[in-house]
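Note that chain A is present in both complexes that follow, paired respectively with chain B and with chain C.
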Partner chain A sequence: MGYIGKTPTPQPLTATDIPDLPATKITSGTFPALNGSNLTNLDAADLTGTLPAISGANLTGVSAGKVLQVVSAEDSSERSTSSSSFTDIVSASITPASTSNKVLVIVGVAGIRRDSGNGYITAKVVDGSGFSKSVGHAMLYNGSSGALRIGSANGSFLHTTNTTSQKTYTVQFNSATNAATVIVGDNGSSVSSLTLMEIEG
Partner chain B sequence: MSLKNFNIAVQILKEGVEVICVNQVTTEEEYNNNVFWVTGSDENGNAITTNVCPHSEITWTKVKEEMDKL
Partner chain C sequence: MANTFKVKTNGAMPASAGTPLTLYTCPSSTQTIVIGLTLCNIHTTAVTADVQLVSDTSDTETNETVLLIKDVDIPAKSSLEVLSGGKYVLQATDILKVDCSVSAKIDATLSILEIT
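Coming up: the complex of A and B.
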């Protein structure tokens, strides 16, 4: 642009000097790098699209507590015993990746029944290496004889295995006093289960 | 129901017998495969069992007779 007289001092332009610049006029140049702090007024409704698939490996800032693997087993057989010695219901195996990891054991014994007598049932989880946790003691006990049903017994606990060898957990039950035949998986219509989760230590 | 009648029949034939059953016992084949007679327990309290009935009072024929009466 031409001028008369003294050369004007150049003044830097700011955004306020070009209030009506249409976006179509911005045809070249480089935007500065943006980060989340620049998006100060972004409405949540504008966040559309699909998130990328992630796995536990994406949780790099989590120092402990990640679920590394899950193993589960079920049993829907009707099982009875009149013995105070324990017999198996369902088993599952897991191999911890580190000795510092833990195994979250979640167990459910379903369809617990006796048809007569005054006996009761004990259920527990064992690992074959001396570890034993009771899931329910004196279940069905009511101080008298006769048929009795209860829905299920459930439990969960965290086991520090201190090993990277395979661990096999087994849910067992017995007729605690030999005084009655006790049953799990009542009529084959109930499902007992055992779920193992390896938790990063 | 089938396990209920089987267990009642066994206890009629020999009260107090220790036996473990799975699924159902309605035939001789199931009697041979699904019934585990407790003969003792190991150091962890687990049942030691056998498929061969160690009780002379109990046979499939006698069990079936008792089950049919129920």
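Coming up: the complex of A and C.
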């Protein structure tokens, strides 16, 4: 047959036109985009390699207890006081994503020393909005007036903030009885720390 | 024995799409050589066409009605030459029919040699 004028547009081949095409003949080209619904019989043993980086936002099926963010701060300065008024050691700020979330506060006050007199050192965490939690109360008695080193005071607690505003937590210490000069960060070689973790409520 | 060249034409075939319309019937005591058959699409869009050979003549075998072309595309403003080099022989009472996907959109031109 021959045409005068236009020849009909050739019809594209479909898969039914090439029912016996062996896979070895498919050597080039680009497959169409696939999604999970196309992978109906994928064996778990075929899942090898490295997973992509994920963040907490990818863990959408976890109902509670998920760590949403972590903030930490450290201080190694030697600080001393003989007053019952509290002195700041280290601060860190965190902004909860929801009022139902909680903040896990982990405190470490390192290098506690007494230089003179007998007394107590108290360490606490405040948030500047009336919240205060004592995390260490150490007795510094040994019957002499020389230096007395007792190491560190550590503590942790879960704070229900009920806010989505930024919270700034500060670790403080004092000489509880005004009777002794107490030091933290002994010789500048001890590191006090404050770590804040937002826990999904 | 006489040989007569003829042309048979039929405009705007068929009357009804899906019902093949007779273009030519081979007369009795006649053998016909089909020299050419051209189908012209007079529609504004593409159509498909069938050409049917109706035959029940018999000698050692009995003929059957067959399609020469089936659902062949003919673009708009185009014609299809059904015979390209080949020829058809028709025997007495054999019929050539034309059908189209759209009624009255094929102009058919048939060139024949009748041998009587």
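Basically, the second predicted complex is superposed on the first by the 145 of 201 C-alpha atoms of A that agree within 3 Å, B and C clash if a C-alpha of one lies under 4 Å from a C-alpha of the other, contacts with A are read in each partner's own complex, and residues count from 1 in each chain.
As a convention for this text, contacts are C-beta pairs under 8 Å (C-beta built on N, C-alpha and C of every residue); 3 or more make two chains touch, one makes a residue touch a chain.
Since the structure is predicted, the reported quantities are computational estimates derived from the model, not experimental observations.
Peer 1: Considering only the touch criterion stated at the top, classify A:D115 as touching first (chain B), second (chain C), both, or neither.
Peer 2: After superposing on A, A:D115 lies in contact with chain B but is clear of chain C.
Peer 1: Once the two complexes are aligned on chain A, which partner has more residues of chain A within touching range, chain B or chain C?
Peer 2: If we count touched residues of chain A for both partners, the winner is B.
Peer 1: Pick one for A:Q172: touches chain B only (first), chain C only (second), both, or neither.
Peer 2: first
Peer 1: A:T181 in the overlay: touching chain B, chain C, both, or neither? Say first, second, both or neither.
Peer 2: A:T181: touches chain B, not chain C.
Peer 1: Per the contact definition in the header, classify A:F31: touching chain B only (first), chain C only (second), both, or neither.
Peer 2: A:F31 sits against neither chain B nor chain C.
Peer 1: With both complexes overlaid on chain A, does A:G5 touch chain B (first), chain C (second), both or neither?
Peer 2: Only chain C; A:G5 stays clear of chain B.
Peer 1: Quick check on my understanding: which residues of chain A belong to both its chain B contact set and its chain C contact set?
Peer 2: Dual-contact residues (chain A): none.
Peer 1: Applying the document's contact rule, which stretches of chain C touch chain A when the two form their complex?
Peer 2: Residues in contact with chain A: 38, 46, 69, 72-84.
Peer 1: What part of chain B is in contact with chain A in the complex they form?
Peer 2: Touch list, chain B to chain A: 1, 3-4, 7-8, 10-11, 16-24, 36, 38, 40-41, 44-49.
Peer 1: Within their complex, state which residues of chain A touch chain B.
Peer 2: The contact residues of chain A facing chain B are 77-87, 115-116, 126, 172, 174, 178, 181, 183, 187-188.
Peer 1: In the complex formed with chain C, which residues of chain A make contact?
Peer 2: 1-9
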